[in-house]
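Here chain A shows up in two complexes: once beside chain B, once beside chain C.
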Partner chain A sequence: MHPEIALLNDFLLVGALLFGVGLIGFVSRRNMIVMFLSAEIMLQGVSLSLAAWGRFHNDFGGQTLVLLIIAVAACEAAVALALVLTLFHRRGSLDIAAWHFLREANQPPFRDAPLPEEPAQRREPWPRLPTAGVRPETFGEENDYRPRV
Partner chain B sequence: MFDVQTLLILIPALPLAAALVTAALGTRLLRDRSHAPVVAALTLSFVASVLLVFQLQERIEERAAQPGSSRSAGVEEVVARWSWINVPDAMPHPVDGRIETPGWGNFSIEVSLRADPLTAVMLAMVTCISALVAIYSIGYMRGDPGYWRFFAYVGLFVFSMTMLVSASNFLLLYVFWELVGLCSYLLIGFWYERPAAAAAGKKAFLVNRIGDVGFALGIFLIWTTFGTLDFSGVFQSVGQYAGDWRVTAICLLLFLGACGKSAQFPLHVWLPDAMEGPTPVSALIHAATMVAAGVYMVARCTPLFAFAPDAQYVVAVIGGVTALLGAIIAITQTDLKRILAYSTISHLGYMFVALGTCTLLSITAGMFHLITHAFFKALLFLGAGSVMYAAGGVIDIRRLGGLRRRLPVTYTTFLAGCLSIAGVVPLAGFWSKDAILLSLHDRSGLAGGGLFEILYLTTLLGVVLIDFYMFRPFFLVFHGAERIPPEAGDHLHESPGSMTAPLVVLAFGSVVVGAYFEWTHGFAHFLSFTPSFECLAQSGHTAIGTADKWRIAATGSVLTAVGIAAAAMLYLGSGKAVALLARAMNVFGLYSLSYGKFFFDPIYNAFVVWPLLSVARLAAWFDLSAIDSLVDRCGRIPKQAGAALRPAQNGLVQFYALAMVFGVLVLLGIMLM
Partner chain C sequence: MLDPRHILILAVLLGAVGLWLMLPRGGARGRAVGTVLGIVALGLWFSQSHGLGQWTADGMFFVLAAIAVVAAVGTVTSRNPVYCAIWFGLSLLGAAGLLLLVGAQFLAVATVLVYAGAILVMFLFVLMVAQPEGKASCDRMSWEAGISAAAGIAMVGVLSVAIGGVLAPSCPAMPPIVPPTQEELAAGVLDPHQVARLGGELFGRRLIAVEIAGTLLLAALVGAAVIVNQFSGRRHDGQSREQ
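Up next is the complex of A and B:
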């Protein structure tokens, strides 16, 4: 494979990954700030692939566009955060589901399905060393902050 | 001085302007002075009409003074204002090689007014009566919430009527014919909150439509036959069509229109109901002027009728039947205004008898009767209105009596009207009635005169009936024991001056107008210069001897005296004789027939109204159940589609984002494929 194409492929892959991570984050999280961050990540994924294409075609158009996107994203961040702040003041919560009453009239309300009860703490069988042998060295008090390894 | 052209335009323009001013300013500015513009305009119109008559008279005298000119040339002046429709060569030339009508096939309708003696006489009559009625209405309609509306309608009516009589082609005639019908409808239903008045207005309008269909078909046939709708063009060339079935058909169709407007036999049912309107309206429109439009139209189309003898018979017979029918019904009615309405129907019948006779003598007699009838019938109606005004709206003659001391002016003028309509020498009614009788007798001497001999005898019988049915309410209301209905309260008194003054003027007219016209021979001489009547000059007529004239006048007078004497005997004495006579008449069912108005209304209800209503109900049901429901279902489609999609709008941002992602995926898939 031509090294240029290989380079492009790598960049596009990373860009797609960033976009996918952002998308999944946007769809699956309910915290408005996190959703906003996810959207930014998607934007960065797109910017990256644009820059890669610009490099590939030896054309500064892509990179110019990226600079523009960054500028727009900055403005957008200011507006979006102000919006989030206002929404937070209104409802006292960052949960986007708190705004579900903006739905069509006569539609059933959104209900937070309770999370399934976590099964009672089952004693995870630690791998046990045979009694014979040397006890593995632990790292002192650090053990207290590590519930499981 | 004003010339003919200016006068012709002024006469209709003044009432129209007054109507517009009243309609525009009536509610705010004029209020209870709304009568001022209309009364002023009508009075000026009347003055203009009189001037017009004098101008035409001058021309006739000039014409008569010229030794060389032909006697029958006629005097007319046509003022073309502008061209309404102009389609050249709208119809191909006739194939049968007839000599063409001037202007054949050019569908050009000029808005043009004509002045000839017939029109001038009608204009003078219409404006005179309407000015008097408008003055009367100042008192009669005072305090009515629709005061300005009333005068606006009256102005519009007079405009339409004056245009109708001065129109110079059939289409224009038809337009104003319909416009007077509209005014009649508006004024019958003037008190539209009363269901009876609203129904009467509708009835008048619908019955008139039947006649108007005939009129419209007649105009179509005139167009296809003569290739023009202009009066002069049609009348000039009608001679070539003598004996053609089309002329007879045209005449019959036009006469159907006249039947509707002038309330003749099969279509007379609307006129008695029209009495639901205010009394001045009854006097102006439904007695004196509008109902005479049919008579005017037939008189105007004399050249057509002159070449259609069969149509003449139909007109004369229908007129005779109506005259008798109206008179017989009027005998037993108890509502003073309805009696007058049936009397109007009967008198219009006389006019049609005269027109159907179709000699110069009879047509001038018919028009003469139209003028005198306008005077005394307007007088009688306004007198009845005055009684009604005094008696608190009661008009049932059984509940009124002995009012002659309370209402001296109304009594005197009503008496003058009754004597005039009865035809007592030398009042107006006598001369016009005598002229009709004379012309009928004259015609019966000509070929095919047997029918007219019968009509002559019928008319004589009608004379007795007229006297009887007019003096019956007169004696009941004004003589005998005093009966005052409770509605009148205890202040039954004479009407105000604005109402009695027109009564006095009309009474004066009813007394002298006939004698004046007869002795000066002015009327017949004046009318004979109408161009439409030229064709009659050729039709010969037997010379009537002086002995005949005296005999007819004497016969008429004796019968008049008999009728009045009978009414006086029956109604000035005790009521026993009346009851006895009614029972005797009822042996043959005559009384019930007359009291039930020959059962025209139930018969029409059963055979015309009910089937039509059933069809209408069926159509309404079909519309509601089939067509409407289909439309409703179509309307429900978007609603249901919306309902189906509505759950998508569930207020969860994540759901929207996911939907977007799937949308993009679908688009991507399509693009890649």
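Up next is the complex of A and C:
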């Protein structure tokens, strides 16, 4: 087989594989961030195919299209992240299933299957330190504002 | 069984089962088996690709393609979204290397700059804002892992069979394919002043497309600002609207 045809064939195969893997991720994952990462993988697959076709036709049109894809991906990331942040503020979770009430009227509600407990990871015990210094002064309100401190 | 299409179908079936086992499915086990099946499927699938003529080019291609595809599978199947983002960065580096291999130097650099430099960091930033504790319970489950793996891999199989059929030299439905010679490529896409040629093409023949891309970026910027501003005053108030 001619090496240029072989190159085109191989690149189209890899592009198809990347597109398929991204499609699976977009359909099956539930975290919104991971869904958008999967969409970017699909765009990568298409970019590879376009660049290979551009070389095969000895034309810069393929590379121009890939540049347009990069611009569209940047737009998509900006709008998608704004949307994800907004949805997260409304629900407090990145889970796309938190929005299942947007389904059609004749569909049953989504029920999450009960998850088995994750096996607890072994933690290294903290070293015991001798008591030293004085306890810092705290204010009552500060604990309300900073619950994790 | 030595027919190339049979090998391809076998690879597709193995890949579907492997991906189904690798996707997060609650407490179900079998990730190691799924990984082994996926690697076997990838090897079978790559065994159907054709050599590029030189073993150096072949080696580069296989290493880069394996990095890109394995990292993409890692992105899709990781439980922890931070690991997903890091696998995605690795997949981008593999894809950028493939772009270099095909002769698109500017695109390779632009991919690394724009995706890995800007988009990936932005994803990680949002992840750190929204879910700083790592894994959530929704990352341990997926929608219909079996059906989606089967559908996606079936699409890959159909595409690769179609690619092989169209590019095979004996396909009767197509006019004979005339690949470019090395001299034509050196005067065209593989010009030593390739980036200058690409810039001339962009701002000459494709000027309208560049303008449209710029307008699109501006519109996305305004849109993102509007979306964030419109809802920034309300927090967690959507609970009462459900049902």
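Keep this in mind: the second predicted complex is superposed on the first by the 113 of 149 C-alpha atoms of A that agree within 3 Å, B and C clash if a C-alpha of one lies under 4 Å from a C-alpha of the other, contacts with A are read in each partner's own complex, and residues count from 1 in each chain.
Please note the rule applied: contacts are C-beta pairs under 8 Å (C-beta built on N, C-alpha and C of every residue); 3 or more make two chains touch, one makes a residue touch a chain.
What you see is a predicted model; the values in this text were computed from it and never measured.
J.: Quick one: on chain A, after the overlay, do chain B and chain C clash, or do they fit? Just give me the call.
T.: Chain B/chain C on chain A - fit side by side.
J.: Of the partners chain B and chain C, which touch A:97 in the superposed model: first, second, both, neither?
T.: Once the two structures are laid over each other on A, A:97 reaches both partners.
J.: Classify the contacts of A:58 with the two partner chains as first (chain B alone), second (chain C alone), both, or neither.
T.: second
J.: First (chain B), second (chain C), both or neither: which does A:106 touch?
T.: In the superposition, A:106 touches chain B alone.
J.: Where does A:9 make contact in the superposed view: on chain B (first), on chain C (second), on both, or on neither?
T.: second
J.: Looking at A:67, would you say it contacts chain B, chain C, both, or neither? Reply first, second, both or neither.
T.: A:67 contacts chain C only, not chain B.
J.: Touch check for A:28: first (chain B), second (chain C), both, or neither?
T.: The answer is both, since A:28 touches chain B and chain C.
J.: Which partner, chain B or chain C, is in contact with more residues of chain A?
T.: Result: the larger residue contact count on chain A belongs to C.
J.: If you take every C-alpha pair with one atom in chain B and one in chain C, what is the shortest distance in Å after superposing?
T.: It is 7 Å, taken between the nearest C-alpha atoms.
J.: Which parts of chain A are in contact with chain B and also with chain C?
T.: 23, 27-28, 30, 96-97, 101
J.: For a test of understanding, state which residues of chain B touch chain A in their complex under the given definition.
T.: 646-647, 649-654, 657-658, 661
J.: For the complex, which residues does chain A have touching chain B?
T.: The contact residues of chain A facing chain B are 23, 26-28, 30, 35, 96-97, 99-104, 106-107, 110.
J.: Within their complex, state which residues of chain C touch chain A.
T.: Result: residues 19, 23-24, 26-27, 45, 48-53, 61, 65, 68-69, 72-73, 75-76, 81, 84-85, 88, 91-92, 95, 98-99, 102-104, 106-107, 110-111, 114-115, 118-119, 122-123, 126-127, 129-131, 135-145, 148-149, 151-153, 155-156, 159-160, 163-164, 167, 169, 177, 179-180, 184-185, 188-190, 197-198, 201-202, 206, 209, 213, 216-217, 219-221, 223-225, 227-228, 230-232, 234-239, 241-243 of chain C touch chain A.
J.: What residues of chain A sit close enough to touch chain C in their complex?
T.: 1-14, 16-25, 27-31, 33-34, 36-38, 40-41, 44, 47-48, 51-52, 54-61, 63-64, 66-68, 70-79, 81-86, 88-97, 101, 109, 112-113, 115-116, 118
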